[in-house]
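Consider the two complexes below, in which subunit A is the common component and subunit B and subunit C are the respective partners.
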Partner chain A sequence: MSGLKPGEVNLGTSIMAVQFEGGVIIGADSRTTTGSYIANRVTDKLTEVHDTIYCCRSGSAADTQAVADIVHYYLQMYTVQNGKPTVPLAASLFQELCYQNKDSLSAGIIVGGWDKVNGGSVWNIPLGGSLHRQPFAIGGSGSTYIYGYCDAKYRDGMNQEECIEFVKNSLALAMSRDGSSGGVIRMAIITEKGVERIFVPGDKLPVHWEG
Partner chain B sequence: MSSIGTGYDVSVSTYSPDGKVFQVEYAGKAVENSGTAIGIRVKDGVVLAVEKLIQSKLLVPGANRRIQNVDRHIGIATAGLLADGRHIVKRAREEAQSWRDIYRQPIDGPNIASRVGDYVAAYTLYSSVRPFGSSTIIATMDNTGPKLYMVEPSGLYWGYHGTAIGKGRQVAKTEIEKLNLAEMTCREAVKHAARIIYNVHDDAKDKEFELELSWVCEESKGLHQVVPKEIADEAEQLAKAALTEDMDDD
Partner chain C sequence: MSIMEYNGGAVVAMVGKNCVAIACDKRLGVQAMTISTEFKKTFQATPKTYIGLPGLATDVQTLAEKFRFKVNMYRLKEEREIEPRTLAHLVSSTLYERRFGPWFVEPVIAGLDKENRPFICSTDLIGCINFAKDFVVSGTTSNQLYGMCESLWEPDLEPEDLFETISQSLMNAVDRDCLSGWGAEVTVITPDKIITRTLKSRQD
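After this line comes the complex of A and B, so read on.
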């Protein structure tokens, strides 16, 4: 996973996004590391690229910030010229950048948002720059520890509250197992109405079996 | 209506004292003297029709089309210098593809019209090139519905419900204005388009012609295609019949 250059800062990370009727829930941990030092323990890895389109960033902090900024710019231009973009359009822009620059980038991005045409949708763009629409997506180093958990817990047709619990519990488990993930959980609920942010402090994290 | 532009009409980078660019106006003459092309936008799609004047009996029927495809959902009809029209269509195809490459979606009407318009306009800015001697009628269909645009040699373009270019454009426009386009279906529009082309053709001045008909509509599932033979043939029969009807009434 570490295609990081010397001195580069790593979004170790556990990120996640889930689609439900009417929108998406996106979530992330808050740990940024340089080696074993936690450079930022309260990072915001959920980045806005449009009113109701966000991305969850994992991999190199610099790379993902740069890519998200470029997509944000293109979506602003698109909005001015053509009206509101759709989530798949934003995801396509991410993909174009991640794929064409795959040799230079270390970026795992999950795009999640709401638009009038598709409702809520989640688009996973792993390292190589492929694009996958999924009902829910997980990413980052911490995600490896929760594949089984998520597959077991996920059900189709969950409502907003159930999705929030699903994201919260999954990320908490990933953060407890993965050294590169931790801190607090930041989530965002994205619907037609807009974006509502949720914050779960470190001492209020759900606790799984700890012996 | 045409003014003489002596001295100010040699280069496209020269204005006349009354604010005209004569080279662009002259380019428009090439369009005015060409075979008629019309576009009609109706409730469920867009129909394009062209009066393709046949220069020689040796030409293969159905060849040298003046209506071409761009992507799958866009049709472009040309009037004027056909080689210029082909060149513009080539560029439109590249623009449509580059849009798909970035956004992974087909390009929509307003954007393809804008790109073609910008391209044509660029050739009116420099004295080292000449303006295109063709107008293009652009028909598109996407999930926001059917759209029709027409780009002139100056690069100016507008969206239309109905438009006509070439020799018979005055008569054609009058005929199109009589139609209730908002309520019409493509099937009906095809018949009217064929009738109008036959109507504007001047047997005295011009030789034989071939009728080119294409549409992009719900019935064609949003694809731009030549109107199916049965429907086109029927429309042509009705058009010929309508002509002889007119001639009998004295």
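After this line comes the complex of A and C, so read on.
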């Protein structure tokens, strides 16, 4: 199904991040698969690399964990030497690792966070290691099923509640169609004040047409 | 990518007290993508026997039709319904006929014989029959189903309890398989009636 080695664990995944006035909402499903077996059905794919900078991980679980750990380390060093990092800086670090090691890595990462200079920002780093700032970004195997839905539903200038509904509905649709995505929805609201986590269990997922 | 894992699916059958139950999921997928949630894999062969066919979907449909034909021909020639044990052998020879270019299904049969004794069995894709006294499992979720059935099954379950046991076995097994699920159908066969229920399940 993808460029994973035999036995390697796959973050099949649906991930998403949306920018709003005052911060970002990031969201992900919670399924990790080894082949067709669901190795972890409550995975946390939203990983902190700094107080107000998170990344959404998709692709190989090992590759994305390793890359996120390295960026976390670099940002800790940067903070003691130069003060708080900006989100584009963190995104740049991810890009450097993903681009220079593109032959060995299978990692699709979305960086989302808040900083004083830019406010909220979302940075998409797909497989080849390119960097794209976007008002909202979707990624992972499940994202292919919701491009049309997201393009139709997204509006500029949504507030925090509207963004949360947008992320929740989009991910629910992706999780329903994609076998490699599922479980629960984990979201995080990142603003100047810090990070607030939201958890949507499987039985509270928004329900759409199910045939 | 294994051909048996292209479409996904799960079937399980269990023996109870003077009854049997057979259950299947309802997903049809193309590898990771789900394209239908109404693809049932169990088919009624006779008034007292069901056959479950998980595996490659095109072969599921073709073999369902082939067995419908063969069972009908049997009824016309013998002037009686085919017994479950005989149907098992019919399935086995149909599959072995294609020993070196097999049908990609691993059938499960469940029914009551003419004395209303419970009967279940499963076969592999080339027709080796496994006669079981307790439960049989098949499909991409077979490993998970073995675990669930081994823990939940006990002998001499009444029809209502058998329904609960087989439902919980199937639902929790498919929740650990990304190629199965998206709804389930459970059929309980007793001497007087057959009850088929559709289960609401996680749609992921």
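Criterion: the second predicted complex is superposed on the first by the 210 of 211 C-alpha atoms of A that agree within 3 Å, B and C clash if a C-alpha of one lies under 4 Å from a C-alpha of the other, contacts with A are read in each partner's own complex, and residues count from 1 in each chain.
By definition in this document, a contact is a pair of C-beta atoms (placed from the backbone, for glycine too) under 8 Å apart; a residue touches a chain by one contact, two chains touch by 3 or more.
All figures in this text were calculated on a predicted structure; none of them were measured in a lab.
Contact comparison for subunit A: of subunit B and subunit C, C touches the greater number of residues. When both complexes are overlaid on chain A, the residue A:82 reaches subunit B alone and has no touch with subunit C. Of the two partner chains placed by the overlay, neither subunit B nor subunit C lies in contact with A:169.
Of the two partner chains placed by superposition, only subunit B is touched by A:93; subunit C is not. In the superposed model, A:33 lies in contact with subunit C only, and not with subunit B.
Of all the residues in subunit A, the ones that touch subunit C in their complex are 1, 12, 29, 31, 33, 36-38, 41, 141, 145, 175-183, 202, 205, 207, 210-211.
Across the complex, subunit A is touched by residues 1, 5, 8, 29, 31-34, 36-38, 140, 143-144, 175-179, 183, 202-204 of subunit C. Those residues of subunit B lying in contact with subunit A across their complex are 101-105, 108, 110-111, 143.
Interface of subunit A with subunit B (complex): residues 82, 88-89, 92-93, 95-96, 117.
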